[in-house]
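The structures come next, written out as structure tokens.
Okay, so chain A shows up in both of these, paired with chain B first and chain C after.
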Partner chain A sequence: MSDDLPPGAAAVLKSAAFKAGAVVCGIADAAAFDAPAGQRPADLLPGARSVVVVGGAQPRVGDWAATSRAVLETMGTTERIQSVGRRLAQLIESEYGYYALFVPPGTVSGDRPFLSLMRAAELAGVGTRSLAGPVLNREHGFLYWSAVITTAPFETDQPEVESACPAEPCREMWARQGTTPCLEVCPASRGGCLEGRLENGRAVRTFYDAPRCHTRVHTHWIGGFQKVLEETLNEPDKDKRKMLLYGDFFTRTLWAVTYSSTNIAQCFECMRVCPAAHPRKELR
Partner chain B sequence: MATPKEAATLEATIKAVGLAAGARVVGIASADAFRDRVPEGFRPDEILPGARSVVVAGGDGPTAGAWRCPDHRVMEITGYDLRENVAVHAMCDHIERAHGHHAIQAPSLPVHGHAPPMSMMLAAELAGLGSRSLAAHIILNPEYGLLYYAALITTLPLVPDPPLDRPACLHPGCAAMYKRIGTTPCLRVCPACLSGTVKDGVIETSTYDRERCHSRAQTYGIGSFQKALYEIVNEDDPDRRRTMIYGDFFTKSVEALGFYRDSIAQCFECMRVCPVGRKHRKLR
Partner chain C sequence: MMGIFRLDPEVYRRHKDEVLQLANSFQRIDRRGLSDAEIAEKLGLSERVVTEIRCVAERDCYSLDEWEKAIEFKDRACREWAALALKRPDLKRDADG
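On to the complex of A and B.
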């Protein structure tokens, strides 16, 4: 760590993150990002030294327990964890005098993010990839992520050695049935998105149908809006056109677009069945 | 009415609430001060009957790290964090609960054309937080430069802050540049939108082409959505229509609607070159 930062600066930063609502906070070395040119921390902030990653705002135990799928379909939110990221960026600049860039949550174009938050979480030691895809934290499971790139040379964390996936029940299920909960609920061979296996107790993902997953996860968002718009314009019958525009599907796409920050996704099935994704807490 | 000593405490307490909630600066204007400066229907006491004071909060713009990012798309997506609105709500709650007076957030989104029900720019000026600049008349705070403003209207009588004793624009460096070469950094970087003259180190005339500035500053948003939709609706060829609907421009426009609060503007060039508040952008 640089002498320019006061002793314990990383700990102070993490403490501020937790106070602002983060569940986990880790710091990655900016040089450790093995990403294509244009997607590395220093491409976004010249002189970048560290990437601060916060995770949290995950669905509550009650959300997972809710019997209406509409709860998670409409209420999943990354907004709270993004506000933590923004606050940390301001804190780094005002308290330590180093440049800090809050990584925008949107995409550069298509599905490409400005910086892979999943990779950032892995390198910051706060999560590991799962067979189902999302990065899981060993203690808290499925989280939403936000990151700040900074020129401040914070003391960095190491990637986790042990992975959250596969969980013990999944190993047992694999030994018994040759599958896991996530592979069973969304198998590529039967119209799903995932394929993989457990090898020496470790998860090995062999196939992931990203476009299919995308169309199932985001059924009511920008893609849904574009789809209905095209169908409406192609529809010669005025009455049918009216039905398309006032119908439930298009109405929901408009809600989804205007509430983009809270309406994250409409499919959580691989995470719903994952023993590592959320604590099986017994609450009253 | 409170005594002067009590009032001083009162104002300081309210400001402290706003600053603790994330505002960078807080100032107070008298509701009466708007009377001679704005047309009927746009004054605080016409929005909240019995209004006596207007409290204005200024929130941070992009971090210094965001200004430094070589990828312009970062600032296009993540302009700022809206903490001034949070600060205003915190102060409204405080005034209603602790002092028993009405307090509402002043409406600032346009209700027709570009006209808001109440001008946040004027509110900031009257509260002594900033002054209009040569750069599209953007209000500059003498210490921090570009800030974003929100305000509350209250029936609580408060002692107003004085307006700035000298305007934040021109900066001495700009005055020297004008004397030397007859222009300023903002006028030079955007002669298409801005024009003005300087006499004896102060602004003599200042105009800007709002329609042109608007179309450049907000390339993705409501305007671009309307423009693209109009062209899509008028396109007879289904294949071309499909390309337009799923193309990057329309997709970005719909995304911008969804993330409109974050995706404020896509041009910051006059502010990028402005020296007011730049000291806060020079970090390590």
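On to the complex of A and C.
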């Protein structure tokens, strides 16, 4: 892509990513982001040429089988893959002499991310969007993502042509029952978040209730904190205020939010039932 | 008095639904969510005001009850899955009971 970078620079970068713990690594063309102005790589780093995406740090088989929701609520953190992203940013600047901006894991305003990591993963060819929403890698399923925007003109990868979703068992279920595991577990029509269908073997999501999904994915997080705080401020009775503030919900929320700078996912039900999201290994 | 930027509650009430719809918070297949700047242009508001309306509205969509429902949903779904994956029907009965 450019004479400025040594031959094989992208391969060296990917090798460093794998060594640091990533299970997949791809590079997207920064100009390919079809997001509104303000949400593109060059809006964060002027002169951005490519976006390096790493995925990994997925839950273990035991986590998926846990009988307590609180396990996955606690284990689902992005911090391990973030450290890989940070390391790559450092490598790009020190080895190649280009600007490298680690995309922060937080939000730029409200619930809106600095950059869509899901779109970045799609464009970098390391995953495809699922009916439920999350991007799935064809080999590894559900992963956490981190990205680095850089002015380095790395050789870029192409988006995948074939999607990991729907998996064969989902196609069979659709033919049999007119639904899929993710739609069945979280249907918008019955108080959940999702609506969709399979059309010519392709998954088509027709509706997604993001605010409701937020109450599930971030139950004990910023939103839950704000809600209880509001309820407490509106509560005139001193003893009732105490029940709200010292109770399990608020306490658990404080445990979660004090994990600063880490995005803790707290609902996995659409992914737990997804045959493409994780291995159904029979362990002892 | 200076303080932080505070949205006028009346402006919020007037534009909340429209902003949520344009931001595609309740996502429909045939619609791309607009950025705050795009919404601002459409509604004749400043981008800062739209950002504030969106941030407050994202929290304001559901009452605290929905957070409790989220816990109940996850408890039930998690136990049903464990019963299936671990071949332990008794775990599902715990959830039902």
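Going forward, the second predicted complex is superposed on the first by the 279 of 284 C-alpha atoms of A that agree within 3 Å, B and C clash if a C-alpha of one lies under 4 Å from a C-alpha of the other, contacts with A are read in each partner's own complex, and residues count from 1 in each chain.
Methods note: contacts are C-beta pairs under 8 Å (C-beta built on N, C-alpha and C of every residue); 3 or more make two chains touch, one makes a residue touch a chain.
Note that this is a predicted model, so its numbers are computed, not measured.
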Fit or clash between chain C and chain B when superposed on chain A: fit
First, second, both or neither for A:Thr206, with chain B first and chain C second: second
Touching partner for A:Thr219 - first (chain B), second (chain C), both, neither: second
First, second, both or neither for A:Glu231, with chain B first and chain C second: second
Chain B versus chain C as contact partner of A:Ser68, first or second or both or neither: second
Which superposed partner A:Phe33 touches (first chain B, second chain C, both, neither): neither
First, second, both or neither for A:Phe142, with chain B first and chain C second: neither
First, second, both or neither for A:Thr151, with chain B first and chain C second: first
Which of chain B and chain C A:Ser109 touches, first, second, both or neither: both
Chain B, chain C and vertex chain A (Cα centres) - angle in steps of 10°: 100
Distance in angstrom between the closest Cα atoms of chain C and chain B, superposition on A: 6
Shared chain A surface residues [contacts with chain B and with chain C]: 38, 109-110, 226, 230
For the chain C and chain A complex, residues of the former touching the latter: 25-29, 32-38, 51, 54-55, 58-59, 61-64, 66-71, 73-75, 77-79, 81-82, 85-86, 91
Contact set on chain B toward chain A in their complex: 60, 63-66, 68-71, 73-74, 77-78, 81, 232-233, 238, 241-242, 245-246, 248, 250-252, 254-255, 257-259, 262-263, 283-284
Chain A residues touching chain B - in the complex, by the definition given at the top: 4, 38, 43-46, 83, 86-87, 89-90, 93, 97-102, 104-110, 114, 149-152, 221-222, 225-226, 229-230, 233-234, 256-261
Contact set on chain A toward chain C in their complex: 36-39, 64-69, 72-73, 109-112, 185-186, 191-192, 204-212, 214-216, 219, 223-224, 226-228, 230-231, 249, 266-267, 269, 272-273, 280
